[in-house]
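Note that the chains are named A, B, C and D in the order they appear, and that numbering of residues resets to 1 at the start of each chain.
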Amino acid sequence: MNAATIASWMREINASVRAERDHLVQLDAAIGDGDHGTNMTRGFEAVVLALGQALDADPESPPGKLLILAGRTLVSTVGGASGPLWGSALRSGGRVLGDQGSFDGAQLVEVLAAALASVKDLGTAAVGDKTMVDALEPAVEKLRARLTDGATVEDALEGAAAAAEAGMRSTIPIQARKGRASYLGERSVGHQDPGATSTALVIRALQKAVVYQNR
Amino acid sequence: MAVETNQMRKFLNDPAHVVKESLVGLAAAHGDLLRYDAVKQIIVRKDAPKKGKVALISGGGSGHEPLHGGFVGLGMLDAACPGEVFTSPVPEQMLAATKAVDGGAGVVHIVKNYTGDVLNFKMAAEDAADEGIKVTSVVIDDDVAVQDSLYTAGRRGVGATVLAEKIAGAAAESGADLAKVTDIVKRVNDRSRSFGVALSSCVPPASGKAIFDLPEGQVELGIGIHGEPGRRRAPLGSATEVVDVIVEAVVSDLKAKRGSKVLAFVNGMGGTPLLELYLLYGEVDKKLRAAGLEPVRNLVGSYITSLEMAGASLTVLELDEELTKYWDAPVHTAALRWGV
Amino acid sequence: MAVETNQMRKFLNDPAHVVKESLVGLAAAHGDLLRYDAVKQIIVRKDAPKKGKVALISGGGSGHEPLHGGFVGLGMLDAACPGEVFTSPVPEQMLAATKAVDGGAGVVHIVKNYTGDVLNFKMAAEDAADEGIKVTSVVIDDDVAVQDSLYTAGRRGVGATVLAEKIAGAAAESGADLAKVTDIVKRVNDRSRSFGVALSSCVPPASGKAIFDLPEGQVELGIGIHGEPGRRRAPLGSATEVVDVIVEAVVSDLKAKRGSKVLAFVNGMGGTPLLELYLLYGEVDKKLRAAGLEPVRNLVGSYITSLEMAGASLTVLELDEELTKYWDAPVHTAALRWGV
Amino acid sequence: MNAATIASWMREINASVRAERDHLVQLDAAIGDGDHGTNMTRGFEAVVLALGQALDADPESPPGKLLILAGRTLVSTVGGASGPLWGSALRSGGRVLGDQGSFDGAQLVEVLAAALASVKDLGTAAVGDKTMVDALEPAVEKLRARLTDGATVEDALEGAAAAAEAGMRSTIPIQARKGRASYLGERSVGHQDPGATSTALVIRALQKAVVYQNR
C-alpha cells in the first residue's frame, strides 16, 4: 500500500459521506445538532482537494505526509467535535509512517491504532460511551487479530469494516456519555450515534480502496 | 422571483454562504465598531490590538446572534470567531483572532462547553502558546439542565457567556491584568446558572429541516442553544407554571444565600417575541423575590439564540460589588450598549 | 404542567391578560425608566411630567414590541398607550397619558395611520383640548406598499414611527417648542418610506390561529405590521432578489436626490433572526449605494414587529443635518439606548 | 319602545356577536387583522354590564341616556376602528332621544339616521366602500320607507334587518376603499366585510328585541 492507497481511501470516504450526508444529518438531529453529515462532507471534500494539489505538486508525496495533510485539512475546515477528533486521528496515523513510500498490513494496524489512541486521548471516550470510538476500536482490534492470524490485508480489512459496522449498531441501545448526545441523558437511548456511523463508513472506505487497488 | 432552492422561511442566497453574507452586513452596519476579515473569517474590534489591554475572544457556531459578533466592541469582546451554523469554528480562526487582538497583555479565550468548541479552542490555544502569546481559557458551563457528572460531557455553556463577556470585558477595559480578567470570567461562570425551554425547533439553513418535531401545546424542557432536543418533553402549561419549573431549576442549583443580589437574564431563543419575554420577566422577578433573591440588575431580550426557535431561557448570576460595577461599566457593541 | 388553554407556541397565562402581564414585566425590568399605570393602562416615563418640556406620546395595538413601551424614556417618548394585541387603544388611555406627561409646553400625538388609531387619537385630542392641554397630532404614513389615493385609507404607518419617536424625542429633550417638535415628526415622516415582506403569518394570542396561511417558499409582499396579508404573494426568491424588490419600492417612491445621505433601517418582524437581518442589511447597503444614496446611519433589529411573524421591512429616511443631530443625540429607553 | 327595549337590544347584540365571534374573526383575518369578533364581543359585554349597573342605580334611566352610555362604553373598551365608529353612532343616536322615557317608530328612524350620519362623518365612508355603512345605510332607508308606507315597527324592522343582511352580502364582490381592507387593493374582492357583517347582527338584534318585547 502507498500514497495512492491513501488518496483513494480519502476519495472513497468523500463519496460515501456525501452519499450518506442526509442520513448522518438525520442521526445527528435526533441526538445532536444535525450537522454531522455537513461537517464530514465539507471536511473530506477539502481533503480530496488538498491531496490532489499535494500530489500534483509532488507526485512522490509519501503516504504518511498525505495523512498528516488530510488531518490538518480536517482540523482547519470541519470544526465541531469531529474536526479535531478525525483531524488528530489522521495526523497521528500519518506520523507513524514517517517518510516511507509504502507500508504493509502490520504498519496499517499501527496507523489505525495511533489514530484511535489520539481520538481517545483528545475526547477521553471509551467503548460504550456511544461515540466514534465504539466503531473505531473494534475495527482496529479486528484488523490486528486477523492479520496476526495470518489473514490477507483484504480479508482483515473486510473483518475490520464489519466490526466497525457492528460497533456502529452497538451504539443504538446505549446511553451517551460523551459529546452532545450526552445532554439528552436517557433520551439518547435507541438512536445510532452519527459519529460511529461515519466511522464505519471511513473503515469501509479503506477496505474498498485497498480492494480496488489490488484489482 | 422564483428560486428552486429557497423553500424555507428564510432570507437566504446560497445556504452555504449565509454566515459570511451576514457578517458582511454586520460589518457594513457597524463599521465604527468592528471589521470583518473574510479571509480569516473573524470579527475584530476596530481599534484592536489595544496595547497593554488584556484581550477577550470568543466564538462558536453561528445561529446564536447577536452572540458573539454583536458583542465585539468597547468594554466587551475584542474578536469573535463564527463557525458555520451550529458548528464550532476551527482552530485557525481562533489563532488568527488571538494574534489580531493580542496587545501584549495576553488573551482570554471564553469557550462554551461543547466538545467541538473545547477541542478546537484547545488546539488554538496550544498554537498561540507556540507563537509566544499568553493565552488563558475559561470554559463556560452554566446550564443546569445537564447533569455535571462523569456520565456526560458536562454542563453546556449558555446565557452566562453573555454575562461573562460583558463583565470581564469591562474589567479588561479598565486595565485589569490577564489573571484578573480570567478570574472574573470564572467567577461569573461559577456564580451563574441557566435553564432553557423551547416551544418549537429551529431550521438550520443547510438542511432546511426542523431539528426536532414539537407539536403545538408541548414544551421541551432543558434545551440548549443548538436546536437540540431537551431533557424531557411535557404538555405546555401556563407561563406561570413554566417559570416555576425554570426558576426552581436555576435557584436550587445556584444555592445563593437568602438576600443575595442577582442579575436576572431572560433570554429569547429567537422566535419568541418581546411581548412574551417581558411577561416571563414579570413572573421571574416575582418568583426570585419569593425565593429570597433580589434582582437588582436584569437583561431581557434575545441575546443568545437558536436561529428562529421559539423559547426562552433564564440565567441568574449572583452578583457581588465588583461584578456589579463591571456590569454597569460602559459598553458599546452592536447588541449591547450603555454609558457611551 | 398541563393547561387546556395553552395550545399555542406561546408563553401565556390567560390570553386576555397577555398585554397587561407583559407591561408588568416591562415595568419590573425598567423601573428606572418608566412606570406602568395598570388602571389607566399606560406606560409613563418615570420623571414625567417634565416641566417646560414638550411631551411626546404614541400608542397603538400591542404585538409590535418594543414599540411603543420600549421607547419610553429619555430622549424619546414620554408615554405609550398600548391597546390589546393589534387593536388600537381607546381615547381614555390617550387622554390619561396626555395628562400624565403634559409639562405645560404641549403634547405631540404620534399616530400611525390606521383608521382605528386615527379615530381614537382624534377623540382623545378633542378631549385633551377640552381640558386645556395644547395637543398636536401627526399621522405617520410611510408604507409605500399601500397606494395613497382616494380609494384607500391612505398609506400605513410603519418603520418611520420608530425614527420619528427617536428624532422628535431628542428635539423635545433639547428644548424645542411644540411647533418645532411637531414639525420634526412631520419632517421625518415626509422623508421616510418603508416596505415590508413576510415569510409567515403570526398568531394573535386571542384567536390562537394564524391570520393567513403562507406555505414555505412563498413571500407576502407589501405587508403591514398587523399580520394582515400583503398586496401580493410570490414565490420566495433569493435574499438578493427580495432586497431588489424592497429597495426599488422604497427608493422609487422616496425620490431622494443622488448623493443624499440616508438612514437605513432594516427591521425584523419578530420571527426572523438577526443572522438574516444582517444579511439583508448587507444587500440593502450595497443597493442603496448603487442607487446613489449614502447610508450614513443605520438601525438593524426587531423594533416594530408583528408578534412572531417571520419577515422584514426596510425604512429609508432621507437625512438632513438637523435630523442627523437629533438621531445621534442621547437616548435611554428599554429598547434603544446610546450616549448615556 | 323604551329603556327596556334598548337594554334588550344590547343584550341581543352581545349574544349574537359572541355567537358569531369566530366567524367575525375569520372574516377580519381574511382582509384585516383578525380582531373584529374579539373587539365587538369585548365592547358589547361591557355595554351590557354598564347598562345593568345604570339600571340598577336608576331604574328610570331614559333610553337616550342608555344609548349614550352604551356608546361611551364602546369608545372606552373597544379601540380599533369599530370602537369609535359604533361608539359615536350610539352616542349620536342617544342624543336624538334626549330625556324622553319612550319613543316611537319615527323616532327610532331618527336615532338610526343619526347613528349612520355619525359613522359617515367620522369614517368618511360611503355606500360601496365595503364597510359597515354598506349594511347600515340600506337598513335605515328601508326602516324609514316601510314606516312611511304605514308598516308596523315590527314589519319595518324585519325589512331593515333583511336590508342590512343584503347590504352585508353586497360587500363581497367589491373592492375596499376604507379601513384596513383597503390596503389589500384588489385582493379584498371576494370577501365579506366583517364590519358590515356585525352591523347586520346589530340590526337583526334590534328587530328581535322589539319582537320579543311586544310578545
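Following the convention adopted for this analysis, a residue touches a chain if its C-beta (ideal position, glycine included) is under 8 Å from a C-beta of that chain, and two chains touch if they have at least 3 such contacts.
Treat the numbers as computed from the prediction; the structure is a model and nothing was measured.
Here the chain-to-chain distance from chain A to chain C, counted in touching steps, is 2.
The most distant chain from chain B is D, comparing centres defined as mean Cα coordinates. Averaged C-alpha coordinates give centres for chain B and chain D that are 54 Å from one another. Remark: chain A and chain B have CA centroids separated by 32 Å (rounded to whole angstrom). Between chain A and chain D the centroid-to-centroid distance comes to 75 Å (mean Cα coordinates, whole Å). Residues of chain C found to touch two or more other chains are 85.
Shown for chain A are the residues that touch two or more other chains, of which there are none.
Contacts between chains trace an open chain of neighbours here, each touching only the next in line. Contact between chains, using the touch rule, shows up for A-B, B-C, C-D. Contact residues of chain B toward chain A in the complex are 61, 83-92, 114-116, 119-120, 122-123, 145-147, 150-153, 156, 204, 206-207, 209, 211-212, 224, 226-229, 231-232.
Chain A makes touch with chain B in their complex at residues 22, 25, 29-35, 38-39, 42, 75-85, 122-123, 175, 177-180, 182-185, 187. Chain contact summary for the complex, chain B toward chain C: residues 1-3, 5-13, 18-19, 21-26, 28-29, 62-63, 65-66, 70, 85, 199-200, 216-217, 219, 234-242, 245, 270-283, 285-286, 298, 300, 302, 305, 307-308, 310, 312, 334-335, 337-340.
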